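Shared between the two complexes below is subunit A, which pairs with subunit B and subunit C, respectively.
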Partner chain A sequence: MRHSRFTIRAGIIALTALLFGPFMAAPGSAAGDAIKIGVPVPLSGSYANAGIDILNGAKLAAERINASGGINGQKIEIVPEDDACDAQTAVQAAQKLIDEGVVAAAGGYCSSASLPELTTFHRANIPFALDASTNPQLTEMGYDNVVRTIGRDDEQGPFAANFIANALHAKTAAVIHDNTTYAKGLADNTVSALKTSGVRVVYDNAVTPGQADYTPTLTRVAGLNPDVIYYTGYFSEAGVLVKEARQLHMKGTFMGGDATNDPTLIKTAGSAANGMIITTSPLAQFISGAHGFVQQYEKAYGHAPGPYSVYEYDAVGVMAQAIRNAKSTKSDKIIAALHQIKNYHGLTGEIGFNAKGDRTKPAYITIIVKNEQFVPYQQLNAAGKWVVAK
Partner chain B sequence: MSTFFQLVIEGLTIGSFYSLVALGYTMVYGIIRLINFAHGDLFMVGAFIGWTVLTTLAATHVPWGLGLLAALVIAMLLTAVLGVAIEKVAYEPLLRSSRLSILITALGVSLALENGVLLIYGPGFNTYPHLLTQAGFSIGGVEINDAQIGMMLLSFLLMLGLYIFVHHTFVGTAMRALAVDQDAARLMGIDVENVIRLTFLLGALLAAAAGVMEGVYYTQINFFMGFLLGLRAFTAAVLGGIGNIPGAMAGGLLIGLLEAFGAGYISSRWTDVFVFAVLIIVLAVKPTGLFGERVVERM
Partner chain C sequence: MTNIAATRRGVPYAIAAASILAVVVLPFVSSSYVIDVATTIITFAVLGLGLNIVVGYAGLLDLGYAAFFAIGAYTTALLETLGHQPFWVTLPFSILFAAISGIIIGYPTLRLRSDYLAIVTLGFGEITRIVATNLGITGGPNGIYGIASPTFFGHALASPRAVYELGLGFLAVVLVFTSRLTRTRLGRAWISIREDETAAEAIGIPTLKVKMLAYVMGAVVGGFGGSFFAARFGAIDPTSFTYLQSVTILIIVVLGGMGSTPGVMLGAAIVAGLPEALRFLQLWREFVFAIGLVVLMLVRPQGMWPAPLRRRVTLPPLAAEDESLVPIAVEPGTSDVLLEVDGLSRNFGGVRAVNGVRFGIRRGEILSIIGPNGAGKTTVFNCLTGVIRPTSGRISWLGSSIVGLAPHRVVGLGLSRTFQGVRLFANMTVYENVLVGMEPRYRTSIPAAVLGLHAASEEDRRHLLSCRRLLRFVGLEERAGERAGDLPYGDQRRLEIARALASEPRLLLLDEPAAGMNPTEKRDLMGLIRRIRDGGITVVLIEHDMMLVMGVSDRIIVMDHGEVIAEGTPAEVQRNDRVIDAYLGDDEQETDGELRQEELSAWDS
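After this line comes the complex of A and B, so read on.
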């Protein structure tokens, strides 16, 4: 629904973005025979902030790799391309990267854009490491050229449902999404897991993203009086939703999926965001091994890394490792080497991939907004009990 | 029953924004038969100017009420200047050429505005300072926000002002004369170019006011915000009968109410379907829109 209306505009915007591209993202280095790694992310449109944070993570990874001598003596070069979080623009972005001669790609944000990108890369036999796209379908199509450093929605959904049922002890829940590939996938997975956990789902519906006023939807939800409201869409709408939910004096706990994990949420909602709980992969700030990365990022870009910056850092790192192990820039060899990776020491922990390309041990935590700051809340311990997260 | 009244309040709040922006579409169409696609973006530009003024003033010790007024007035004035400049540069040279050229120019202007703001302010979301009181009251389970009342009141005052201006002043009469027949109006000694410019100015004033109000009330602004709202406001103008001022006001409120009832009673996923289905039904029964006249009196 959304994309059909936005397509023409997004196309023209992408065109303009190409014209103004040099202002938005300059490629890292321009060494003659550098190994090019393409980074397709949204650099324009509503989710451009997230895209820039991801690109920054890729640049830091390339800097570190190049500083330690590159891959088998060759430097790597990051080639960004704007996919505008739009399926059609994404195909063009991926094609453009292929035309520019990238040997591998690492990036992606919106699953709805990563899906056509993956297909395009698959046709050209180019390996693609995903850092943020969590829709299960991405690794269910039988493509061998895909891996991801982040968990899947059908892992996050049950995690969220477990939290709602066993940590919050909720009896009823409302699940709202925005009809995008990612949000609907997470919502569907959460709803089915909630049902098996014995939580009654009283509302399961979508809103149109980009609106300023969601009070009619919230009024409907308020009438059903759920213990928990779980929004699986993106941060900008989540900020508006939580603010308006407070205005309507809704009593249930407001929760968001991992795409709501962005400072814009708090800026939009202000103190109304306090108490909101988010299910997410751990932020770099909350990973003990990534403190150096956070400092380096803040020094380079003047603000804290985005939620996926560190996953992109690892995606580029894994890809570089695969190229190093393959001792070649031939696609088949890189892809084969990628699937051989079993315990790469990433900043986000040990990284290995199963046959589909999914990360073998993805981690999730819940965070809460306290005094208009994200702080760790609860996580599952090894025994499957909810404990306070550090 | 309280849900019903709650939805009415919400629908009217949403609708009053649509009405303010719809007026710009309808006035320009009424006068030069142009669907001004750039109009939604003037709303966005207004919001950004207001944001700049407010955040600049936030560093000083200006009381927030005064700051708000300054943001509203400055944004309205600058956007009005921009609106007239756009008319002068982009539309005036094409007034005598085919409708299609000027329509496509309007699309170009829209993209220029969006990308101009994108370059200056960046692609992310800017947030207004949280100025408005969260206080409100509750009547029989219906939650009403003080700020909500203020917003609706302000937009109704602006619309009333416009109505009086168009129907009870000399210049307004000239505008209406132009809407009926441009050549005849020129023969009667009306300065056609100036009146057209005035029309763009009025539209931009209202759009900027709506932009600042949206920013202050909903806090989140973005360079793309004019698109979705512009689309709905344009729909409102068509529903009310494009070219007709009370029609645009009524159309905006009606779209707001339809959206609220659609999301509240049927399904939020199908809100747009609901809104556009009503539009199609209305146009099928009355092709000129609710208030539209086939020929003579347009505004």
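After this line comes the complex of A and C, so read on.
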């Protein structure tokens, strides 16, 4: 009995040693011909779907690049690692990519995982292109190795204000939020940008999310008669609000932030949603240049692309362009080349980066509900003018 | 046989030496990735060791442990980014704030049953995370960024290796702290509460304070680990401190082995390391990991490395002829009456279990309280020892009232008891059971014990000596190292008496000590009771066994229906008409009583 217990214990120790055996392997690996680009994304846990979508985008980008001869004669290889949207796992994923010899990284989903990844890549001086992490902080750390192909949370407000002032030519606006951090932040950014654009903000207050009736708030707003009502919260309340606004015969244009961009909104509001305008990062389906991508994606994976794969496609593409321009896989040169990029033709539009690494022209568009369907409405062109989005 | 035992004893040391070597050499032979994984394992080991105090030792289910982790992390983050304090300065504050929040949460909830604690801690964990998500100062959901790396004599600890080594330092501190702490009397008190909280309180453990200490010590370690976490990542946000994190830490403790230090570290290595080792499985990783955990728990339900039950101890030598208790010195001038009960009543709903009972206990006597089942004898005991509060009446001990005192305070005054059914700490050794009973006698502080100060170790030695004396006194000296739950029934009874004597009481209350004993054991018990009295301790016993009662008592109180119906010497009581009517009334009982009398006279001769 004693001996068998001891044997079991010894067995457990041996098993543990065995499990850690693979870790003890020498760092790095045999340098193949391919240029390795790391993709740290959640491949397990509740955000695995988003991670797989992003990874699919990266694979399509790599296929296209390799089909057209690779980078300076070398093929690229996508190396995925699971970050589980968890800070500690993220550091390990990034470190594993570094040990596997990636020269650059493109990916990330949860900001809470992207940030430790970014810090780890920064320490190893490896460039990192973010495709989905919108937290402003990521590019405020003073790191030179980071760029992103998606807008930041605090850019949507000015974009919305620009649209309200210069496309809708509104004089007065009401801004409603729901007191969640994200919605309050967007409301604050929008209000300050509206003020500098000369639009008078007649109402700036919150509703309590989860209620079935917002008539008291809307009656008050209706009395102020604003040209535009901009709701920055989520789709479920937005559906009720737009429905009740129509019942009160409010005249102003009803608008929503990107958290209202969900088919549920139309289900809730029905035909009342028609005419509602939403500011959002464009889905691949709404980007004129991305039709080929959507077809390719559907062919390869059997379903429509998710929201971020097209941004990952561009993140891998812009990184490949930087390596091509640098004519080197040395990280210093890639990072320098990355910041030189001013007008890369991405699927999501012209891509260039400011000193922080944010896109100089944030990729936002407006969409409108027509016949109870989301369709593209207007977007900013290269010259900063509002044009019809196709 | 001895050789095998010696080899087996050497195994843990060999494993420890090999692990230390591996841990020290690791950063020099492996990649940054492996070092990072090891750092995560260290973080979880620190947290696991902290929670192990709460769950593994004191047996309190804490489902919100990540809250203390968060408090430590946010304290360091805020003090560094807003207060511009260096990392090392923030550490004591992390510990302090974690301890304070431990007190705030623990104080109101620890007096409730432990399942309430689980729910309250669950809520506390979530509240902490939600507050961090909503406060402006904590950066809301974005968290806090730009926490500088700690420096050590001018070197920034930022590289994976430096952070790993810093983590090792943290782990070493926590290991020393927790292992010192759990080896003191506090560690024993925690285990006794886990084993049987009521019994622990009744033999003199201030259970509320001791549980509080477990909770706060766990909080302190959690806060300490949180500071390391903040320093390691330079950025924190609320998603790192979810309910899932609390559960993960709990899994580490349960998987490793509750109360086992090497077990918890092994648990951390498995929980943090196994998913990494399974990376090659890609999407199947979490699934296989979960299956792995289930299989491990099925194979090792007590944990991978359960805490050893039998702790070896060398009791200090005791002269062969020394068999007595140290006689209790009688302070001159104190009254002859130890305890006086007057008008004692206790109602349970509409039932008057005890009704206006009045009696006194004289120094140096053996007093028996007898009466049919339901007469209220045990209720009287419970009132005397503070387990229940009397509805009305006076209980005075050496002239001052003890009504309303907590049981452990009553023990501290010199009133000790045993229980009707055996309530030993089954998973502790025989000598540990006795040592727990000595808690009211300790004079040195717990910090002194943790630091191993001379006074504390001297006191420990003295108590071990008196523990040996007590065990010899009840005849259990040879079984000192055995698990209490493994003793035969009679020995368990005697151990319970030794444990009650450990507080050096002046009055010992025995509740049906002879129940379930065979005639030989009963005879031994009579001898033991007499020897206890000869040691200067007054004995009161509740007993149904007339042979024992009549043979050993100086005086007998007879109770029926909650009232005292007779009082006197054994001979007087046996002649009392009311007793014969109420208690020995029916023929069968009377015959029984006569029979026993015959037996008795045979022994007396």
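Everything below uses one rule, namely that the second predicted complex is superposed on the first by the 209 of 390 C-alpha atoms of A that agree within 3 Å, B and C clash if a C-alpha of one lies under 4 Å from a C-alpha of the other, contacts with A are read in each partner's own complex, and residues count from 1 in each chain.
Going forward, a contact is a pair of C-beta atoms (placed from the backbone, for glycine too) under 8 Å apart; a residue touches a chain by one contact, two chains touch by 3 or more.
Owing to the predicted nature of the structure, the values given are computational and were not obtained by experimental measurement.
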Touching partner for A:T268 - first (subunit B), second (subunit C), both, neither: first
Contacts of A:T219 with subunit B and subunit C, given as first, second, both or neither: first
Contacts of A:A206 with subunit B and subunit C, given as first, second, both or neither: first
Which superposed partner A:N189 touches (first subunit B, second subunit C, both, neither): neither
Touched partner set for A:K243, first subunit B, second subunit C, both or neither: first
Which superposed partner A:Q156 touches (first subunit B, second subunit C, both, neither): neither
Partner chain(s) touched by A:G45 [first = subunit B, second = subunit C, both, neither]: both
First (subunit B), second (subunit C), both or neither touched by A:Q88: second
Contacts of A:T253 with subunit B and subunit C, given as first, second, both or neither: neither
Residues of subunit A at both interfaces, subunit B in one complex, subunit C in the other: 6, 9, 12-13, 16, 20, 23, 43-45, 48, 52
Parts of subunit A lying in touch with subunit B, wherever the complex brings them together: 1, 5-6, 9, 12-13, 16, 20, 23, 43-46, 48-49, 52, 176, 179, 205-208, 210-217, 219-220, 223, 236, 239-240, 243, 246-249, 264, 267-272
Contact set on subunit A toward subunit C in their complex: 2, 6, 8-9, 12-13, 16, 19-20, 22-28, 43-45, 48, 52, 80-82, 85-89, 91-92, 95-96, 98-99, 110-112, 115-116, 119, 123, 135-137, 140-141, 181-182
Of subunit C, residues touching subunit A in the complex: 8, 11, 15, 29-37, 40, 43, 133-134, 140-143, 145-146, 158-160, 233-237, 239-240, 266, 269-270, 272-277, 279-280, 282-283, 285-286, 300, 304-305
Subunit A-touching residues of subunit B, taken from the complex the two chains share: 3, 6-7, 10-11, 13-14, 17, 111, 114-115, 118-119, 122-125, 127, 130, 134, 136, 143, 145, 214, 217-220, 222, 224-225, 227-229, 231, 259-265, 267-269, 271-272
